[in-house]
Every structure is written in C-alpha cells, then in structure tokens.
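Notes follow once the structure below has been shown.
Per-chain numbering from 1; labels A, B, C, D and E assigned in written order.
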Amino acid sequence: MRVGVADTTFSRVDMGAIAIDELRKHASVAIERVTVPGIKDLPVACKNLIEQQKCDIVMALGMPGGKEKDRLCAHEASQGLIMCQLMTSTHIIEVFVHEDETNDESELAWLSEQRTREHAVNAIKLILHPKELIKEAGTGQRQGFSDAGPARR
Amino acid sequence: MRVGVADTTFSRVDMGAIAIDELRKHASVAIERVTVPGIKDLPVACKNLIEQQKCDIVMALGMPGGKEKDRLCAHEASQGLIMCQLMTSTHIIEVFVHEDETNDESELAWLSEQRTREHAVNAIKLILHPKELIKEAGTGQRQGFSDAGPARR
Amino acid sequence: MRVGVADTTFSRVDMGAIAIDELRKHASVAIERVTVPGIKDLPVACKNLIEQQKCDIVMALGMPGGKEKDRLCAHEASQGLIMCQLMTSTHIIEVFVHEDETNDESELAWLSEQRTREHAVNAIKLILHPKELIKEAGTGQRQGFSDAGPARR
Amino acid sequence: MRVGVADTTFSRVDMGAIAIDELRKHASVAIERVTVPGIKDLPVACKNLIEQQKCDIVMALGMPGGKEKDRLCAHEASQGLIMCQLMTSTHIIEVFVHEDETNDESELAWLSEQRTREHAVNAIKLILHPKELIKEAGTGQRQGFSDAGPARR
Amino acid sequence: MRVGVADTTFSRVDMGAIAIDELRKHASVAIERVTVPGIKDLPVACKNLIEQQKCDIVMALGMPGGKEKDRLCAHEASQGLIMCQLMTSTHIIEVFVHEDETNDESELAWLSEQRTREHAVNAIKLILHPKELIKEAGTGQRQGFSDAGPARR
C-alpha cells in the first residue's frame, strides 16, 4: 500500500510531517510527499500522486485563512478534491484547519496536529480496515475537537 | 438487483443500519455497505459501490452539522453526488439530515430514521417499480416531515 | 423525434402531465416520461432519457421549496442539468417554479401550468423550428408571467 | 474561419444581430447563429456550434435579470460556458449585460450594443490577431463603460 | 522545460511582462505567452498552452475588480482553472490580485508586481526544485504581503 501526503507552504503548521509521523505508527505503508504553495494547488497535486506515484489514498492537508476570500478558496479547493476523487476512483482525505476555528496560534497548532493525526488513522482504516469504520457508523466522530457522540433518543 | 448503502462516522445516527433494515422489508436485493468519515467522502465511495461492487442504485446517507461551514460541506458533497451520478448514469439517493432542522437530539434521531426509511422505499421504486413514482408525480411528497400535498387551485 | 419528460413527486403540481398535454398539441412526437423523488434526482434521470431512451430533447420539471436550503438544492440541480447537457450535447429545458415566486397555492398552480406550457413550446421550437427562435431573439420573452418586451431606446 | 453567435429570446436587446453586424465589419468570416430561450441554454448551444457547426470561436450573448435568482442563473450559465470551453478547447466570449447595471431601458440598450460590439472585436483578435491582445495586456480594458486604464504608480 | 504565461487586457498592470522577467532570472526555460480579454477566458487559454504549446506549467495572471459581480467572476475563473489542471494533470499557478486588496493604484501596482514575482519563483520550484517546497511546508508563506510565518505554540 502507498499513501500520498500533499500539503502547503501557506499553512502555518507542518501538517505533512505530522501526517507521516502518525501514518508510520499504524502501518508499514510506502509514503509519497509533495508540497505546493496553497490549497488550490492541492487537487492536481493529489491527482499526480494517484496516477503517477500510484498512491492508493491521499491526505490533502491545508490551512485556509480566516477572511471571506479564504473561505471561497477553501470551497474551490474542496470542489476540486471531490472532482479529483471521482476522476481517479480514489479516496482523498481532506484535512483543512481554518484559522478562524481557534482563538490563538497555540490552539491553531494543537488543532492542526490533532485533526491531522486522527484523519491519518481514518486513511489507514479506509485502505486496510474498512470494516472498523462500519462499526463507528453514526457515532458522531469528530477530528480535532471532542466527538459529538450518538444522538440520544 | 444490488443496492449500495454509504454512510458516515460523523453522523450521530446509524443511518446505514436503518436503510438496510428498511430495504430488506421491501425487496430481496443484495446490499453492499461502506462507511466513510464524512459527507465529502461519500461521492467517491458511491462511485466505487457502483463501478466495483456493481450496485444498481446507491443511498448516500449523511448528517451535516449546523454551522455555516457545515452547510458549505453539504453543498460540495451534493455537487459531487450529482456529478457521480452523471459519470455512472446511476441514481444515488441523497439522504441528508441537517442538525439544525430539529430542536433536540431526540427529534434528530426520529427525523433521521424517518427520512432514511422513506427514501429507502424511493430507492426500491426507482429500480423496481418506476411507474409507481409517476402516479405520485406532483403530489408534494416529503421525506421525514409530513407531506406538503398537491397545491389547491 | 422523441421528447423526454422528467418530473418529481416533491412538486405540488403534476407538471409532467401538463408538459405532455402541451407537447401533443404542437407536434406528433414520441414522449418518454420518468418521475423521480426530487429535483436533485433530475440530472441523471435526464441523462438516461437521452442515452438509453434516445430522446432528442428533455424537459426537466421541478418545484423548489421556499427556504434557503431549497434554493441551494435548486442551484445544485441546475448545475447538474447544465453538465448533463454538455456531456450529451443535447438540450434540457429546465422548468423550475419556486414556491416563493407566488403568493398562494392557487397562483402556484397557475404559474406552474403556464410556465410548463410555454416551455413545452420552446422545446418543440428547439428541435423542429429553430429559426422561429431567431425571430424572437432579444424580444424579452418570459415563461409564466408576462413578457418584459424589448428595451425602448 | 467560422464564428458562432448564440443569443436568447429572454434578452431585451437583439444582441445576436449586433454581434453579426460588428463581426462583418472586421473580417470576412463565416457566421453561424442560434437563439435559445435563456442563458442557461447557452452552454450546450455553444457546444453544438463548436462540434457540429465547426465554429472556431463562439460569442455567447445574454441579459440576466436584476433579481437574486437571476444572478444565480448567470453564475450557473457562466460555469457551464467555462466547462464547455475546457471540453472543446475552444474560446467562448461571454457577453452578459445585467439589467441592474443600468438606470433605464435606454442605457440598457446602449450598454448591450456597446459591449457586444467591443467583444466582437475581441473575438476577431483572439482567432486572427492574438498578438494585438498581448500589446493591450494590463491596460485596464473594459467593454461597454469606459476603460479603467493602467494603474499609476 | 516550457512555461506558459496567460494574462488579461482587463488587468491594470502588465502582469505577464513581470512574470516573464522574473522567470528568466531563475531558469533558462522556454516561455509561451497569450493574452485574453478577462479572467474567465483564462481556463481555456491555459488548456491550449498545455496541450497545444506543450507547456509543463502555466501562470494564470488576473486582476478581478472590487464589486460583488467581480468576485463571482473570479470564483468561476478559479473553478475553471482547477478543472483545467485536473483535465491536463498539469499545475496552473493562479495569481489573482483583487482591486479591493489595496488602498490606491500605486499599492495595486506594487502588490501585482510582488505577488507575480513570488509566484514565478513558486512555478520554477514546482517544475525544477520540488524538494525546496517541502522544506517550506507549514512555514506560513504569503505572496505579496509579508509572510504569516509558522504558528507559535
């Protein structure tokens, strides 16, 4: 199995290094990494990781800014990542941390690491242990902040 | 006939299990289930159910959160599901329950179950009894809350 | 010539039946009808009418609700219908009547019928009499409510 | 060379006739014209002009209304026109005049004519004199209202 | 290696000339330039640079205006550029400078030049020195205004 990791120079946290660290803890998979300037460069970078580097899954890591224009960039990047998945029939786990989700730089760094690590585990489950995800269906999982949990009747 | 069921670990209700329970009540169809982390992972999961698992129709089940960012996620997922249908010429019944559609967790659980069950019936009609849908054309059907009914002149 | 008619069970007016009635008044064309649950199911239904049922043009009939979420659904459906047309090189006449365009159910029923009938005529012109449309270019045609007419200098 | 002209019956100005008049002043090109009901019908009309009528470039002419719903229609049409260009590797010059850009019908008629004529010249340059456009790079050209001009340092 | 440069006559700064000047400082690459009227014409122009002119990467340079309609144009252009990258598996570096990012024409000219030059360096790194980008991962790089830098814990 081969996992692609794509991240950005725009991000204020080295999310790619964190993802690779976590992936290695859970499985002995080959890892291919690329870094691009910003989140709108991620879709084609992921496509190349899938088609040219033969990755079975890719993690797309980015940190959109907090302004209205940044939200639109993130929207465009997300649409591109979904289209890329449909064109390649391959999962891309989008891990975006919006700067305005946190109150200060320290929490931003913490959230980026936590969300990246939890989604690295999801990536491994998707390619190696898909039945474990079925067991978690409907349990209100969240990545980074605490889980919402199942709705009580 | 083979029906795909794709749901998420993000959802706070096990919509996949409900869908399968309802599908089995109405037809003896083969069922393939996958669970992914969130709604933006659904489009490619559905594509694989159609192309690799040879499903004739898929139910895509998800529960978007109540914030503005969540609404945008749901929008991106919906666009991806429509594109997936066009690429595969196969129906995907989107069953999304927005957390802010209900007042509390109990109503959320009820709505999720009700909407999922009613759309499971729609899925069966689409592949096995399409003429029954023509009879219901223009009758203001709703899934979950009560029907709007036909407009009175 | 073969005309496809796709409508929904969500609509509160039987727009499909109205379209078929009007189409038959203007030309002896074969008609294929399908009904789907909602407007987001229309794009792939139209694709199948074009590719499997060999329709030369399709009318896509729907009635989006009046809430913000409904407007977004209509936007997604419209994008899908345009993409479907590009993939098949075939016209799809979108006939959407938004519940909030009218003041009461009676006007809603009237507008749905009127707009459907006028667009049925447009569909016939597109496949059989395209030069008639050139004569109407820039004349401010509207479907349902009264025409805007040409701008006076 | 062959130029396609696609316009609408919804428009309140005969933009197609104006485009053809201006194109003929600048080059002896073959011209193919189609008229469709509204701007959302333009993308597939342009695709057919390119693929079936072998046009080397197309002008897509439309006049979106001034309401919020109309703006969304224009957005969907624009997305479709861009996708059509990518699918055919052929330029489509979008000439949209929004009703709310002007104060009265007379100005609307003037703006529609002026913008259409200036973009007809752009279309000719794109297919016959691309180097003339390079000379104008960064000069703040506008079509219709007066040019913005280059930014002064 | 061959670098494409696509810019617009709408822009108020000759961004294409600036890009070419900077590219030549960093590598001896072949350069192909085209100029189109506006940013919505960029996606297909980039596609032709990639497919017909065999460019290995393209810089897409534009200056959206400051009104709401202009923001929507930029959004559509960005979506088209991402789709073009996915269709060609080739990077396109989008360099957009929004008129409302700056306070006056002089700052607009400065920002356009600075952002274009910094992204020209990114383009060279992407095709010739991709490992240098990995070193910059998560360091909060910005193009034009000063860098945000890494988040402090």
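As a working rule, contacts are C-beta pairs under 8 Å (C-beta built on N, C-alpha and C of every residue); 3 or more make two chains touch, one makes a residue touch a chain.
Quantities reported herein were computed from a predicted structural model and do not represent experimental measurements.
**Q** Within the chain touch network, how many edges lie on the shortest path between chain A and chain C?
**A** Tracing touching chains, the least step count from chain A to chain C comes to 2.
**Q** Could you label the chain A-chain E interface same or different, taking same to mean over half of its residue numbers are used by both chains?
**A** different
**Q** Whole-Å distance, chain C centre to chain D centre, using C-alpha means?
**A** Averaging C-alpha atoms per chain gives centres 25 Å apart.
**Q** Taking each chain's centre as the mean position of its Cα atoms, how many Å separate chain C from chain E?
**A** 40
**Q** Give the residues of chain B touching no fewer than two other chains, as numbers and ranges.
**A** 79, 83
**Q** Which residues of chain A touch chain E in the complex?
**A** 7-17, 33-37, 40-41, 43-45, 47-48, 51-52, 69, 72-73, 76-77, 79-80, 83-84, 87, 105-106, 108-110, 112
**Q** Going by the contact rule at the top, pick out the chain A residues touching chain B in the complex.
**A** Residues 71, 75, 78-79, 81-83, 85-86, 89-94, 98, 119, 122, 126, 130, 133-134, 136-143, 148-153 of chain A touch chain B in their complex.
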